[in-house]
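Next come the structures, one after another.
Consider the two complexes below, in which chain A is the common component and chain B and chain C are the respective partners.
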Partner chain A sequence: MIQADIKEKLQQIVGPENYDDSKAGRLVYSYDASPQFQSMPDAVVAPRNKEEVQKIVKICNKHRIPIVPRGSGSNLCAGTCPIEGGIVLLFKHMNKILEIDEENLTVTVQPGVITLDMIKAVEEKGLFYPPDPSSMKISTIGGNINENSGGLRGLKYGVTRDYVLALEAVLANGEIIRTGGKLAKDVAGYDLTRLLVGSEGTLAILTEATLKLVPMPETKKTMLALYQDIEACAQTVSNIIASRIIPATLEFLDQPTLQAVEAFAHIGLPTNVKAVLLIEQDGPEEVVERDIEKMAEICRAEKAVDVQVAKSPEHAEALMTARRTALSALARLKPTTILEDATVPRSEIAKMVVAINGIAEKYGLNIGTFGHAGDGNLHPTCLADIRDKDEMERVEKAFAEIFQKAIELGGTITGEHGVGVAKAPYLEWKLGHTGIEVMKAIKNALDPNHILNPGKVFAKETNRVVMMK
Partner chain B sequence: MITAEQQKEIQKKFKERMDQDQLLNCMRCGFCLPSCPTYIESGFKESHSPRGRIALMKAMVDGIIEPDEDVERTLNLCLGCRACESVCPSGVNYGHLLEEARDIIQQSKKKKQSLPVKVLRKAVFEELFLHQNRMRFLTGLIGFYQRSGLQKVAHATGALKLLPKNLASMEKVLPKIPTMKEMKHRPSHLMPKKDVKKRVAFFTGCLMDTMFMKTNDATMKLLKMAGCEIVIPQNQECCGALHGHGGEKEMAKDLAKRNIRAFEDLNVDYIITNAGGCGAYLIDYGNLLKDDPEWAERAAEFSSKVKDISAVLVELGFHKRKLSLPEQVVTYQDSCHLRNVMKTFSEPRLLLKSIENVEYREMKEADHCCGSAGIYNIVESEMSMQILDHKMENAKATHAETIVTANPGCLLQMKLGIERLGLSGKVRAVHIADLLLEAVEAEAEAAAVIK
Partner chain C sequence: MIQADIKEKLQQIVGPENYDDSKAGRLVYSYDASPQFQSMPDAVVAPRNKEEVQKIVKICNKHRIPIVPRGSGSNLCAGTCPIEGGIVLLFKHMNKILEIDEENLTVTVQPGVITLDMIKAVEEKGLFYPPDPSSMKISTIGGNINENSGGLRGLKYGVTRDYVLALEAVLANGEIIRTGGKLAKDVAGYDLTRLLVGSEGTLAILTEATLKLVPMPETKKTMLALYQDIEACAQTVSNIIASRIIPATLEFLDQPTLQAVEAFAHIGLPTNVKAVLLIEQDGPEEVVERDIEKMAEICRAEKAVDVQVAKSPEHAEALMTARRTALSALARLKPTTILEDATVPRSEIAKMVVAINGIAEKYGLNIGTFGHAGDGNLHPTCLADIRDKDEMERVEKAFAEIFQKAIELGGTITGEHGVGVAKAPYLEWKLGHTGIEVMKAIKNALDPNHILNPGKVFAKETNRVVMMK
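On to the complex of A and B.
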């Protein structure tokens, strides 16, 4: 509950139309795209500019009211679920593209801009913003930066972190900080830009970002390699990288995923094979041609039953779009879809795929796997039913084992979805005690009252939290 | 107002009746958000999005919230356009969830409804749309108003200013109503001039066979030209869409059964409609009656035959026929239910593109609802007009002189939009069947001149 006098102050700041504490109004911000997590905020507030953000933060800091910044709520680690109540902060008004700088090749935006809208705007100028999380149609840049989102092009182009040049943010004490600049080189002090990227809204509230752009690649080509042997498919990934080719996209989809995606997209994906690789290369035409040909050869040598090059740019786009729907399409098979994003060094991908299948079998679970094989970022997706208590327990155990295996192989518990609440209990496995302590020290220094997205990243208990009330 | 007692009852019914698998099937990915007109027009309010509405329904089932006015408001504000279903990778059947939720709330509130609301609902759902003769009578009254000179008087005296603004505009855009006599004498069986390629039944629709009778005539002419033998069962009824969407599911089921009975022994290949709104409801009878052992199979059989006029015309190669019109730019506004439920959207475009001298220009967001949505433009007129004005900006940008639609509601709404833009006389809105017939006739005339 927000006290009446505080409510009045907040309403004065943003206007009554941008403050909602009705039950229905709060319920629809009690969740994000992570299954199993739901918790009611006390109010939903939509500031119109950074000054308003500042004023809100100051009030919340004074009265110890949690603030959960939220873009479009496509988060997959319950990072935007207000588990300790407080205020959900919306950026729907702060959604402008402020500048496209064609001399410095940068774009400056407010955090509420939809990723795809920004991508389209820069592409109109012949420029390219490579990070392309599958949710880019709805996700916001602010969310992408806070989660350090990846995407299908991570292998060759890197992730959001690699494109953030400068940030403006409101700190927990209400002061504004500006980090970085339109600079290729900048070693003036600690790299606070990188610290804020991926901080999941726990260190500061972003109000503006300047992102790096690159020239649009001249051409691109897309192909599918079909396999009846999953291990051979995964081995191909390692072989491609080992032969010194870095494709723009190198995606892996297993049979259950293929079937689910095809049922939604109807674009003629093969559903009778055990796995496929979706490969895209971009760049100058002759390089693209040469790489695609060479990769096709490698696929065939590794027992691919067929290699199909996309017939047209439209067909290629349809394939990529279809891949982006994989998670949601899998969701149609069972009531509850639990997705993880364990990541391993790319050389270990075959081992990881084999391990996931073994673990699924051991616990009698239905796990479909797809993901960014090229950068070792897999998405084992468990299809279950939340009402089946026994099954849910097995899911817990299976994922714990998958995380363990990933770390054993030199990997991590999350490649691109973030820690949030969902993976907090496992964070120490990856970081060790010292790592956690360092991070906690940073958190305490910047947000001593723990008002910024509290309950995220650092776990209260080591057990996995299943249902929040 | 929803009383505490009603809230309890609604909550209980939600638990009993809502399809929990469907509710869980929504994994809240949010891919539906950009497709939802009310989400966009409300300034990105999650409560007015499909994801938000499903979350509210689920929260009622889970007992987390009570069905208060805000919940009812968001469910009422939904257009029911089902654009979210087309983009939902999880395949959530939102339309069915919405219909069930509205029915539960409506039926629980019914007992305590105020008298005027009760009377109006009864008049519309029970008296009017359940009786085609009354529909004819009411439409006839409008016809009388138009022909008797009353309309002229009303316009001249400014009496219309007494009506809410959009109702007043609506009055201006109504088509010329046929006479009572014309409406009463409708054909029951028609043969094509040449070989019979398909035997079809024609679902005439209540509004289509009165207010838009000319469009029905055009539809039948086109079907005949395409080689269809047409049966028009005289005992057919309203499709029930209005009832289903308005929280009167039992009445909708009753209408469905009567229609199934009227169409089932006709030995036809297809049941043809020319109104996306009706067609989508007819194609859903299989689901509507799935729990009724006596009817489930018969309903599924009925649904499997339902086809829109443009789909059957393309199947029979009508677009390969020579069609022409005076030079003009044409654009097409999808009927949401034709597109999102019947999945018919390429066929009308193909037909329009096949007309000579017509430059077809796709409208931006042609697949977004126009805001008509049954009686939505009357009961939620503010949101409806906001959506419509946005739509008309896109329509205007195509510079089309002719806006084509495939559903009576959309057609009226487009006419209203043209009126609001002040473009009457310069831009027209027509049903695709009427335009195609115009193209056939224009072509025949041109051919006759050459001969």
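On to the complex of A and C.
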């Protein structure tokens, strides 16, 4: 509960129409795209500019009120679930594209801009913003930066972090910092820009960002390679990279995912094979042609039963869009969809896929796997029913084993979804006690009162079950 | 002075042959490549492995002895000058390439590896490590990471930061952290990898690094564009990028630099023009041909008096090598060479070059300018004599004005050389008081006793002279 006098102050700052503590209003923001987590905020506050953000933060810091910054809430780690109450800080008004700078190849935005809107705006100028999280139709740039979102083009182009040049942010004490600039090189001080990227709103509240753009690739081409042998499919991924080709996209979909996506999207995906690689290359035409041909050869050499090149740009676009709907497609099948993103070095993909299937069998679970194979970022997805307690317990154990296996193979517990609440109990497995202590020291230094997205990233307790065996 | 009992302990750890507190030994490490700074360490200690580093750090932390980690000392910010005494920690023994992983396209090294040795080793496997600081013949990878070194290929390929995937480091308390992995995507916790990159040895001591490699470009081509009009030359840089071409290298050299380099390298550089752009493109042959042709056109349209394409790979290599000798060439002319790296958005290059020339004239100084024009990273270089007190005062004032101008234009005080001692008094100009406070909070959290490279990055006093006018 926000005290009456504080509520009044907050309403004065943002206007009464931007302060909502009705039950219905709060309920809407009590959860995000992550299943299994729900918690009511005390109020939902929508500032209109950074000065309002500053004022709100100062009040919250004084009165120890948690602040949960939120774009569209499309994250999959319960990163915007207000588990300690407080206010959800909604960026719906701060959604302007402030500048597209064609000389310096940058775009400057407010955090509430929808990712795809920004991508379309820069593409109109012949420029390209590569990070493309599957949620980009609804996600916001602020959310992407806070989660350091990846996407389908990560293999060749990197992730959100690689495109953030400058940030403006409000610290827990209400002061504003500006990091970086429209600069390809800047080593003036610690890399605060990248410290904030991926910090999940626990270190500061973003109010503006300048992102790097690159020239639009001249052309692109898409193909599918079909497999009856999952290991051969995974091996192909390693072989393509080892042959010194870096495709723009190199996605893996197993049969359950293919069937679900086809039933959802109806675009003629093969459903009678065990796995498919969806491959895209972009760049100058000659290079794209040559790479696609070479990759087709590599696929065939590794026992692909068929290789199909998309017939038209529209067909290619339909394939990529279908891939982006994988989560939605799978989510239709059962009441609860738990999508994870254990990530391994790409040389270990085959082992990881085999391990996931073994773990699913061991626990009697329905786990489909798809994901960004080229960068080792897999999305094992469990279809379950949250009302079935026994099943949910098995799901938890299975995912703990999957995380453990990923770490064993030199991987990580999350490639692009973030830690949030969902993965916090496993973070120490990856970073060790010392790594967590370093992070805590930084958190305490910047947010001593723990008002910024509390309960995220840092677990009350590390999961010891599997690691202790 | 290191106490006798501590000296004995340190000698036991590294062996007496790796502990040197002779006057001659200490003198060698009392300075680095930065002029104007010298200070004697108490001892020079060369550990052979990370366990020895840990033990040394624990002793130093207990007894508050400064540790200055040092590779080859080729930095230009006095980043390895032991201004508070203590020990210089020398990485000459920890210079192994541990692994080149051709499947995951990574190389794992100890910090003392010479940059060019590593580059040659990976190139033998058809792989490419793009960051190429001009000092790469002698610099170490550990130094490159600590300074977040740039280089000639930064425009297209980014800087050291963009290639560091994983680090192992010893914290001030002697504990080891491991960050990242052979992973294209990893969002498990704060980005400690990039917090350490560019932290100049003030947050932890690196003991191992895994770096990202990319496939070797198929071919490359080099050209020179000659100008009698410096502004037209600078404008060409913006025009090339605005035309959506990102060359691998886009270097600017003014007449004084050209003359000095030609006198030093004798490779037939034009010396009768006001400025030259040295341009390289790499990639598939068709693309390189097309880009070089298009860039030649752009140069001619912007009043280049001549455009010369390198006749052979050897000639191209000679041109790039000559550019890398610019500092050495200029340094021969006068007793003291002060090379700076004020950096601006590339759209502001023309304004910055004009401003530098104006400032040089105002203070009656000899300032030549060369640098990585494509990423706005200029190296105004002042030839002076440290014994001429009046001149040195003018040099300081001139550079303060150059930094101020760079910041006015949206730039930074250092693009790739680091802050160290040399630029610490100016850091607040770029980051503001709040930015410095955030950095101090992080420093205090990770190194509460300030034993790690003390006196670097954080100034005792900010230079107020110019900013207050």
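Keep this in mind: the second predicted complex is superposed on the first by the 462 of 469 C-alpha atoms of A that agree within 3 Å, B and C clash if a C-alpha of one lies under 4 Å from a C-alpha of the other, contacts with A are read in each partner's own complex, and residues count from 1 in each chain.
The working rule: a residue touches a chain if its C-beta (ideal position, glycine included) is under 8 Å from a C-beta of that chain, and two chains touch if they have at least 3 such contacts.
Remember, predicted model here, so these are calculated numbers, not experimental data.
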Combined model on chain A: chain C and chain B, fit or clash: fit
First, second, both or neither for A:Asp162, with chain B first and chain C second: second
Which superposed partner A:Arg194 touches (first chain B, second chain C, both, neither): second
Touching partner for A:Leu171 - first (chain B), second (chain C), both, neither: second
First, second, both or neither for A:Pro35, with chain B first and chain C second: first
Angle at chain A between chain B and chain C, C-alpha centres, nearest 10 degrees: 140
Partner contacting more residues of chain A (chain B vs chain C): C
Chain B versus chain C as contact partner of A:Thr336, first or second or both or neither: first
Partner chain(s) touched by A:Gln54 [first = chain B, second = chain C, both, neither]: neither
Minimum C-alpha separation between chain B and chain C after superposing on chain A, in Å: 20
Chain B and chain C footprints on chain A, overlapping residues: none
Of all residues in chain A, those that touch chain B in their complex: 22-25, 27-33, 35, 38, 40, 72-74, 90, 92, 114, 135, 137-138, 263-264, 325, 327-329, 331-332, 335-337, 385-386
Chain B residues within the chain A interface of the complex: 20-21, 24-25, 27-31, 33-34, 43-44, 46-47, 49, 51-52, 55-56, 59, 64-66, 68, 70-71, 73-74, 88-91
Residues of chain C defined as touching chain A within the complex: 101-105, 126, 147-148, 150, 154-155, 158-159, 161-162, 171, 175-179, 181-192, 194-195, 197-199, 203, 214-216, 238, 241-242, 244-246, 283-284, 286-287, 290, 343-347, 372, 374-377, 410-419, 423, 427, 430-432, 434-436, 438-439, 441-442, 444-446, 457
